[in-house]
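These notes open a run of structures that come right after.
Below, subunit A partners subunit B and then partners subunit C, in two separate complexes.
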Partner chain A sequence: MTGFVLRRIGFYVVITVVLAFFAVPMLWLASAPFDARPGLGIRWPDWTLSNVRTTFEHPFALTSLVNSLILCAAATVVTTVLAALAAYSLSRVRIPGRDVLLYLLLLLSSVVTGTAAMVPIFVLMLQLGLINSQLGTALVIGGGMLPAAIFILKDFMDSVPRSYEESARVFGARPRQVLGHVVLPVARPGIATIVVWAFVNAWGNFLLPFLLLRDVGKQPAAVLLRTLNDEGGSANLHVIPVFSLLYSIPVVLLYLMVSKRYGFRFHGGIKS
Partner chain B sequence: MPERRTWAVAFVAPALVLIGVFLVFPALWTLYIGITDYQLTGPTAINPRVVGVTNFVSALDDALFTNSVWLTAVFVLGSAVIGQNVLGFTLAWLLRRVRPWLRRTVEGFVLLAWILPGPVVAYLWFAVLSRDGGTLGTLVGSNTAWLVEYPMASLVVFNIWRGTAFSMLLYTSALAAVPPSHLETARLVGASGWQTVRDVVFPHIRGHVLTNTLLISLWTANDFTPFLLTAGGPNHESEVLPVLIYRRALESGQLGYASAISLLLLIGNLVIALVYLRLLRRRA
Partner chain C sequence: MAAIDIAGVSTVYPNGVRAVDDLDLAVADGELFALLGPSGCGKTTLLRTIAGLEQASAGTVGIGALDVTRLPPGDRRVAMVFQDYALFPHMTVAENIAYPLRVRRASKAAQRDAAERMSGDLSLTGLLDRRPGQLSGGQQQRTALARAVAADADVLLLDEPLSNLDARLRLEARTFLKRLQRELALTTVFVTHDQAEALALADRIAVMDAGRIRQLGTPREVFQRPADMFVANFIGSTPMNLLPGTVVDGQVEFAGTRLPASGVPGEVTVGIRPEYLRIAPDGVLSGRVSIVENLGVTSLVTLDCGVPVGVVVPEHEEPAVGDELRVSPAPGRVLLYGEDGRLR
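Up next, the complex of A and B:
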């Protein structure tokens, strides 16, 4: 009996320690933005909203959040549209070696994206004159996300019964109509997954915008946060906390939405 | 049906073009730049010469490169293969039978650590580990600049915090596939928790363990977030390969040399992936 009690106690101690480990670093994000004298540690704040005003008056803070939105919207649209088209066609037409090719691309993308290819990507964009181009950067980010997006979406497309499309075709629907009116509505959960996944990935991407967008007026929030931190000084402690919070809100909202609607779980998509 | 083939190609083409230009082409170009003396500025910026394997030879001879390989290995082993794997599994195992609200709370924080933007979490940990009133220093009552005195240990702990969510999710779904009757039998014969995990659970989830370990190893080996926390310092003590590549390419301007290192990193990734495929096949 004592053994049982001890084990229960030990169990809750472990859970508490783990919970503290994960939660404590985040508490700062809740307290510092509203503290009149923000520091790096966690403490009960002297409530104020003056930091919010300071942040809004910062010359680049809001611009960079808008830039993040532009960059992510472009990357997400490119990734979702192209991946949906490709996944649908790969799911319906038999091409020899398709699965191997897809798997290789997936492996390549998880290896090459960002770090290993940073030199050629930088040189490529430099020679194309696309340094400081937001659309160019969005295309690079999209290119890196496409293989995984196609891979995930193909699973969803495979699960759309072919008989639906065949009946539509019997009634004379064109391929584009079949896709728009039959396949896309059925594959909507898959598309939603990709939109959220692509947005969150692009939103947090630091390296590519850092490499390719050198003009501070075009840089997204990811890069500006780094710049603010580098400048140092206590003045920035009135900007950084609020800015970090604003920058985090979109992904937190998306996360809450997804976990409420679908539950945040893996549904068999990961093959053992 | 030729018409069918036409639209299929038209649908795949845009995605393939983008992947080709921004993924496959850069990967191949790394090969070429790696054997030249290409620089960001100066005369060789305009007319790079092919210098063969010189870059690779000097990389293998470069103490900073060997240092970086070693640090990357420590980073991957410590934070991914051991840290995220063990903590992720432990969480999945412990949270199986707790009350739903507790489970949701713990999972919520672990997932939040995973989905918050990289620059934000880097700053959060910069604050925790700071000497000037950072939370860790306050908790243990010490005035240590953790990121300066223990840079690699800090990065390992940070990356465990950052990435455990993926392993936890994957192992949670894997554990759901273990037949409850097997667990029940183990309990009836009086097996301890550890024995149950080793003899009953592990054989069922071996494939998941391999997949998980491969993915988190690759992600960790190519992670650029350490740059945001320590930028490789102090004095190269936390300069993992991605950071080394960045500093050589953009700060020193040695594009050829940095490409050669990229290629070695790519080969390293490939070796990890091949070992994994081999282990997976042996299971089948």
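Up next, the complex of A and C:
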């Protein structure tokens, strides 16, 4: 009996610690932006909006958020369009060694991450004259996400019955019409999954924009966050909390939008 | 409206499987034609070859006056209903029906018009704004038919049109399909593995096996005089009696009896449908009843005449197990198959 009670107590203690681990940063994000004397701990704030004003007056804060939006939108479009086309082709055309190719691509892309490929990517972009180019950076980010996106989307494409396409073809639909009228609409939940996944990944990507965008006026929020220091060189706690809050909003909005429209089903990669 | 003319067509899959093998077939204008056979006999491949979804490796496919062998499916003026109906789940019933018109860039008004006209003809009124997922099996099938008819094609191809319906609905849909085809007078080819369905629906049947046609004929011909033992086995809801026999001196000996028969002496297989045997006091075949299976208005009785012989008897004549019974074949209904399995 006491053994049981002790086990229960132990269980709840562990759960509480784990929960606190996730809850504290959230609470900080909710309180620190509106605290007159923000710190790194959480406490009941002395309510004020002056931090918001300070952040809005920061020369690069809002620009960097706009940069983030541009960068992520471009990377997401690149990833989604190319992945959809590639996944469709790979799902329909029989080429020898297709599955090996797919797994190899996925494996290599997760082993050779941005960090490992940092130097070659930098040299490549330098020689292409794409350093300091937002589009160039978006291409690199998109390229990095493509293998996984293709892999996930191919499963969605596989689940679109061939008879749908054949039916459309018999009625005279050209390949472009088959894709636009039938395949893409039917695979829409999968594409929505990829859009959210790609956007969130690009939004949080620090390394590549840090490496490829030297001009602070072009850097996205994820990079700028690191440079938000006060005159003394320590973290500027009047700007960082509000900035962090603003930084997290687009991802939450996107998630809510897609979740409402499609009901979030992260079943890509798993055959149901 | 158009006839279909298939000459020397072979369809070979990339893995080397010869699904259709040097096949000739002519389907007349306005005919309701069945391709019947067990699974894997090549009937669906033949249908898909007519549709253009499979490329013929040899031979020519003609529809009307046109040689369509090398044409893509969309240019063949064919419409097809797939086994799973292939209704687009993201479109409403109306959008599905009007899809062939949308492909041809008809106006929205024309599309809606066609959908409404078709829904009237195929009893889908009031369902136009639903999605396929909200329809019953029968309604889905009629939507797929409506879409195929809306395509205004010369030839209608149906791949196992009734197999996804439950048994009772299948009978209704069968009658419906036959009436629709009569009204439209549209050349129609359908694929089925169900011999009863083929017999009930078709004007003519091609019984297929291993990529070739075993017999081509009207349902009556195919039922009464199967051209070989494969067809004899395949057609009929109760299996045909196939009894070993010998032809000697203008007579055939089998199951302990003799019947007059012409032809060269030798080993034969005697084929008699259980439906063509009837109880008679002076019957030539006699045996003890070993099994009685109730088929509703009739019963299938198995007689032990040295070899088992099936007899279909009406309900009021049903014998008990163990009874001695004499039966006679109906005149002209005894078929003799030679050693090659062909009808003699």
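Assorted remarks:
The definition used in the following text is that the second predicted complex is superposed on the first by the 244 of 272 C-alpha atoms of A that agree within 3 Å, B and C clash if a C-alpha of one lies under 4 Å from a C-alpha of the other, contacts with A are read in each partner's own complex, and residues count from 1 in each chain.
Note that in this section contacts are C-beta pairs under 8 Å (C-beta built on N, C-alpha and C of every residue); 3 or more make two chains touch, one makes a residue touch a chain.
Not measured: the values here are computed from a predicted model.
Residue contacts after overlaying the shared chain place A:N229 against subunit B, while subunit C stays out of touching range. Look at A:Y255: by the touch rule set out above, it reaches subunit B but stays clear of subunit C. In the overlay built on the shared chain, the residue A:P161 is in contact with subunit C alone; subunit B does not reach it.
After overlaying the two complexes on the shared chain, residue contacts for A:R188 are found with subunit C alone; subunit B is out of touch. Looking at the shared chain after the overlay, A:A83 reaches subunit B, while subunit C stays out of its contact range.
In the superposed model, A:I15 makes contact with subunit B only, not with subunit C. Among subunit B and subunit C, the chain that touches a larger number of residues in subunit A is B.
Once chain A of one complex is fitted onto chain A of the other, the partner contacts of A:R214 are absent, as it touches neither subunit B nor subunit C. In the superposed model, A:V170 lies in contact with subunit C only, and not with subunit B. Of all the residues in subunit A, the ones that touch subunit B in their complex are 11, 14-15, 18-19, 21-26, 28-29, 32, 39-42, 78, 82-83, 85-86, 88-90, 92-93, 105, 107-124, 139-140, 142-144, 146-147, 150, 175, 200, 203-207, 211, 221-223, 225-226, 229, 240, 244, 247-248, 251-252, 255, 259, 264-268, 270-272.
Touching subunit A in their complex are the following residues of subunit C: 14, 51-53, 72-75, 78-80, 82-84, 86, 88-90, 99-100, 102-104, 147, 151. Residues 4-5, 7-9, 11-12, 14-16, 18-19, 21-27, 29-30, 33, 38, 87, 90-91, 94, 98, 102, 105-113, 115-121, 123-128, 130, 132-135, 137-138, 161, 169-170, 172-174, 205, 207-208, 211, 215, 218-219, 222-225, 228, 241-242, 245-246, 249-250, 255, 258-259, 262, 265-266, 269-270, 273 of subunit B are the ones touching subunit A in the complex. Of all residues in subunit A, those touching subunit C in their complex are 94, 161, 163-164, 166-174, 177, 181-182, 185-186, 188.
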